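Should a chain be cited, it is by its letter among A, B, C, D, E and F, assigned in written order, with residues numbered from 1 in that chain.
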Amino acid sequence: MVKVGVLKMGAIGTALLVEYLLDERADRGDIEVRVVTSGAKMQPEEAVVAEKLKEFDPDVVIVISPNAALPGPKAAREAFEGKPVIVISDAPAKKAKEEFEQKGFGYILINADSMIGARREFLDPTEMALFNSDVVKVLAATGAFRIVQEELDRVIEAVKKGETPELPKIVISAQKAVKAGNFQNPYAKAKAMAAYFIAEKVADIDVKGCFIERDPEKYIPLVASAHEMMRVAALLADQAREIEKSNDTVYRTPHSKEGEILKKFELMGKPE
Amino acid sequence: MVKVGVLKMGAIGTALLVEYLLDERADRGDIEVRVVTSGAKMQPEEAVVAEKLKEFDPDVVIVISPNAALPGPKAAREAFEGKPVIVISDAPAKKAKEEFEQKGFGYILINADSMIGARREFLDPTEMALFNSDVVKVLAATGAFRIVQEELDRVIEAVKKGETPELPKIVISAQKAVKAGNFQNPYAKAKAMAAYFIAEKVADIDVKGCFIERDPEKYIPLVASAHEMMRVAALLADQAREIEKSNDTVYRTPHSKEGEILKKFELMGKPE
Amino acid sequence: MVKVGVLKMGAIGTALLVEYLLDERADRGDIEVRVVTSGAKMQPEEAVVAEKLKEFDPDVVIVISPNAALPGPKAAREAFEGKPVIVISDAPAKKAKEEFEQKGFGYILINADSMIGARREFLDPTEMALFNSDVVKVLAATGAFRIVQEELDRVIEAVKKGETPELPKIVISAQKAVKAGNFQNPYAKAKAMAAYFIAEKVADIDVKGCFIERDPEKYIPLVASAHEMMRVAALLADQAREIEKSNDTVYRTPHSKEGEILKKFELMGKPE
Amino acid sequence: MVKVGVLKMGAIGTALLVEYLLDERADRGDIEVRVVTSGAKMQPEEAVVAEKLKEFDPDVVIVISPNAALPGPKAAREAFEGKPVIVISDAPAKKAKEEFEQKGFGYILINADSMIGARREFLDPTEMALFNSDVVKVLAATGAFRIVQEELDRVIEAVKKGETPELPKIVISAQKAVKAGNFQNPYAKAKAMAAYFIAEKVADIDVKGCFIERDPEKYIPLVASAHEMMRVAALLADQAREIEKSNDTVYRTPHSKEGEILKKFELMGKPE
Amino acid sequence: MVKVGVLKMGAIGTALLVEYLLDERADRGDIEVRVVTSGAKMQPEEAVVAEKLKEFDPDVVIVISPNAALPGPKAAREAFEGKPVIVISDAPAKKAKEEFEQKGFGYILINADSMIGARREFLDPTEMALFNSDVVKVLAATGAFRIVQEELDRVIEAVKKGETPELPKIVISAQKAVKAGNFQNPYAKAKAMAAYFIAEKVADIDVKGCFIERDPEKYIPLVASAHEMMRVAALLADQAREIEKSNDTVYRTPHSKEGEILKKFELMGKPE
Amino acid sequence: MVKVGVLKMGAIGTALLVEYLLDERADRGDIEVRVVTSGAKMQPEEAVVAEKLKEFDPDVVIVISPNAALPGPKAAREAFEGKPVIVISDAPAKKAKEEFEQKGFGYILINADSMIGARREFLDPTEMALFNSDVVKVLAATGAFRIVQEELDRVIEAVKKGETPELPKIVISAQKAVKAGNFQNPYAKAKAMAAYFIAEKVADIDVKGCFIERDPEKYIPLVASAHEMMRVAALLADQAREIEKSNDTVYRTPHSKEGEILKKFELMGKPE
């Protein structure tokens, strides 16, 4: 039984369901998961929750947050130095890649898990949820989440065998996402890549809308257009999957009860 | 500063982002949030995580899980008896309504937060994420999440003022969801209700596919059709919102820094 | 030459074109069809039209109406006792199944041929026609109408041969509809099932809107949402067929001049 | 009580539900309707059904068929000479306009109620139903069916008052259809007209596919493309209505119990 | 090196990019192209630009305009009599077919390159561009542009070899367009044909809107509906291509550097 | 009469119809237009066509090409130094802004007029046309083309009055495009901006696909995804316009016969 500890600070799309990616039907017998989070905030003082996670004595630690280059997430991961720690974050975290490497942290940085349009005139809980729905659609349908699944499972597997796991060092680009997506139709793949590229670009617009423009007349249209982009990226990623459905070639990788990754293409077939 | 403790057991759509519904831009100064979960599982022994949450000494406790009538969630909420506890769950939890009332637990039961198609031949982490993306879209766009926001904020507000909060006792039907959605166009409202009704119905199909049919030839088409229903419900809920956008009448309820719920309709207007 | 008598009372989707399902290109030489109806009404006194049909001395009688458990349709079918009578009706008629069996009536009850939103504030002739357009789309594209075709043709064939026909005893569920639909792509099948399930659910909402709620503020949104559901079911059923088109695997069962059911898949191929 | 007799020969879209256009909720107390038909066929010998209708002694007679210039429909309407007879038919019937005028028949000829692609390799009962679903959508959503409703109601009203009705003499063009559609948004109106024009054009293609081309390699693509045109016309007509919905300006004309045509625009308003 | 002279007078969709159809990646080494035009106008006095083109001494001349039966285009092509001249125009040019044949001009007349809705109340530069975008989509996706490519390349090839080219004499119907489109799925072909038929019909409506109706209340809805038809034709042509994409059977005919037409179907394959 | 000379080198979307933007109904009496181009190529030696244009002695010169920083376009514009020259180009031309300013050239650089995916395995004449159709849709529907119209008209107007025109110096960003688009609904504006941002991003992907990646396995998916992005941008821009249509607020700026820019919003209204 591998103990997987997850520490979440603030919200990125992947954080919403990272723990469920490990055990989508809640029937794995080989892992025990514990997640703690202080909610939407990610100040260094929130890192106190790391202490709670420590009491669980995890074998593998996942620290997931936006911009892992900030002090909050940094403090959190450092609390677990020595353990296998995997940082999951977004594009701005690329600034910290060198630090990750030096300190021996694994990392999965997801370019398309873009910043939200966090302006009070625009972002209420409903809009926040809708944006995250779209982000999740993009990340799942393109294949990005499968990389998360595969990398985490690989580490867990190594720990299970008593080996020292090789931690992931991966920045998820459109190309890497769709490779994991394992599209059988090349246009489905191209649409998925397009969706991913659009989702990536959202971050640029939202950064401008949240941190650069000061005038509501300017920043509201920016953040609103960024969310329109993510919405359209989600629709496009969905179309990519619809093509694979139309050819009965959707790639699926469910977990077995023992935590192996099974594989299948035909809907009516057996995962193996 | 009100301390809000959230205990999650297993996955329903609302669980994915309940803590972010309280503080969508991470700038509220009036609450402190702590979430713990043991991941996808919801056996009684998982209730041990409740102990961790107790150490946080929360003022308000949210216990969120599928089917809160099961022993696991029951043990979890009972660990906090005496505190203001709000159970958030799905339609099967209606069986436990009487118990909630007797023990003084508040509850928000969300009919459309339907069970997933948890069959290994069908449900891998990608499909699981896509389904949840669709559920979140339905719950957010119809107005169901706004009820969650409003009810939790109301309780927090009472605690902040030192009052004994009146805990919510609400089963979210289509009609209640769209009332909170505050649609200005009656056809947008009708589409949102339709989306909600479809999402509700998903549970029936998935129960049949997961618990009644034993033959993969029978249950795979069932769970696959249930997910198609949720997908189409999400698209329909999205169309409802698109109509409101087309008339610039989207209702938004962002939090102020002080945790009040502000209100606005016109995109370029100020929340008040 | 088999004489087929059709008696229609009131409107369900299937009634709109049941006689054309038997002879879609008007070139069958083996049957003679006579239809009589008193229009939208279905009171017992309307059963007088049955007398007119009797004068035609049909070999096979089809009595088609909503809710065949009501007195009007009952009187109508009883006028033909002794002849092979097939009742075609909707889900509420399931209450009369036992009676059908006892009296030796055949029946085809179509779950998804749901009640319309018959409220004066909502339903005008245009809305009525649009709803029926959607119902027909769902029933045709999912495969439900093919069951009607096959069952009626089977009975006619027996009569033609001088045999005593075995009358159909069938409640058309989603599963049975799509089996007749003979979808070659499993996702097309899942979408068709989803469409059928949604169409079935429409009846519940419309019953509530037409018979339970008294306040227009409540029942108008209900019936409007029910029609939105049927609209989306029609679009989904259409998508299912579009998938089959994209793979050139649409199943077609035209009649030969002699009234046999021919079969084909490839559009450019010959029916055989 | 006005007795309305309807004789149907063969199938056009309008024939599917003409009797329901008169009494969409089956609650009019001022008319009695009797419909007889010999199904899909329309040979002169089918006109025998007219005799059955005569026994009903109708006050108003509607003879509805494709191409009313053919001998079958001609014989049928002539059986009722002397009574107020209204011919409802499609564009090819325009050839008989002079005859209608001479003999005093009223007529409503609906340009967009186009011929089906009646080729055995293509048209089975399912395809036939789908095409008719699309035709009905076009005719209802553009406003063409409202002309049928208004003209028939006008004649019935005159008969009710003991007046000699002025019979309709109308060829329904796109312009006339959308005038009755009473669109409040000019782009909705333009889309509805476009839908109608496309639906009209279907007839040309189907005539070519059914009567001119002899080679299946040529006629199958023609009839298939004609049905694609009707499908797209239906989608476009639906979009026109969606625009009116988005502005809450859908025009509705339900019947009162007394058979008057009521009017309304706002969904939540009362018809008056 | 073959010198290709292009003279454009006025605007049809094909004129927008005829020169790019010959050298889509600007890397052909075997042709030199010169285009002159006097813009949107097409009066006979504009034919002066022909003089400029003469100075280029082209080996092949393309004269492209709406309605080549008008005096302006006529003067233009006659300026090049004796050279291989290919007239590219729209349906109204069919009136001049005999003249083309007599004078030895080649011609490609594109039925679906329909007249725009040239009414000042409706057509501004933006609407003009959008209409042309839709026309181009229809002509490209159905296969019509491939005929232009193939015919021009064939003539160029003959000239290159020192042969007297056989000039094209072709009226592009829906059937011819989709033959060049080389659709592998028969429903994709049917959709493309449907798109082409709709686009053809646009001309009739726009002629009525521009030349026959005098009252803005009448002609504005006409030209607006014509553009809605072209928009929907573009969407339908796009769907046809999407089906081919879904099966990885899009037919592509890029030029080699030497100006040959290469062929390919699979996206990841090599053109040959 | 102002003589407007247009020199096109190579293809960008704006080049396809820049001359028609000036005179969309071919009825302006105040300008004379002459366009010359050497087709798809843009080598310096192509600048010879500039000589032909000089013979026309234009009052205003437009030099339009991709990447105006390249030697070909540079030579072309320098041929007209001293005259009012306006460079129209795409984002890479921004490198030459300083040169433009120094030499007194006006410029309009259109960020979203992105490079095509010019790979032989992917780009044939059909794909080229489809891409340009999408680009034109984006540039027209967002408002970018209106800036081109307004700036060119402003210069022409000054020349007409005998004034020295102030030449445009503008880089068209999303924000500037939608300002000219004059959207009345803020979500339509946000969608248009989103479309524009996506279209801009296409250039990055195509540059990578055309100039950086050498392996077809890598560059084909890149250019294919770039075209999917432009396709989706076109659909989104179209949706923005559909919203304005649904509110009858489409902004139109037709030319009067005298070349003034008229303005209107309501479709049935008069331009003024």
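In this text, contacts are C-beta pairs under 8 Å (C-beta built on N, C-alpha and C of every residue); 3 or more make two chains touch, one makes a residue touch a chain.
Note that the structure is predicted; figures quoted are calculated from it, not measured.
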| item | value |
| --- | --- |
| Pair of chains joined by more contacts [C-beta pairs], D-F or A-F | A-F |
| Contact-pair overlap exceeding half with B-F, pair selected from A-F, A-C or B-C | A-C |
| Inter-centroid spacing, chain E versus chain C (mean Cα positions, whole Å) | 48 |
| Separation of mean Cα positions, chain E and chain D [Å, integer] | 39 |
| Inter-chain centre distance, chain A versus chain B - centres from mean C-alpha coordinates, in Å | 21 |
| Residues of chain F engaged with two or more neighbouring chains | 186-187, 190, 220, 224, 246-247, 267-268 |
| Residues of chain F that touch chain A when the two form their complex | 174-175, 178, 186-187, 189-191, 193-194, 197-198, 201, 205, 218, 220-222, 224-229, 232, 235-236 |
| Complex interface listing, chain A residues touching chain E | 185-188, 190, 243, 246-247 |
| Residue ranges of chain C touching chain E (in the complex, touch as defined) | 245-248, 250, 266-268 |
| Footprint of chain B on chain A - complex, ascending | 4, 6, 8, 10-11, 16-17, 19-26, 32-42, 49, 52, 55-56, 118-130, 132-134, 136-137, 139-141, 143, 145-146, 149, 216-217, 220, 224, 231, 234, 238, 241, 252-256, 262, 264, 267-271 |
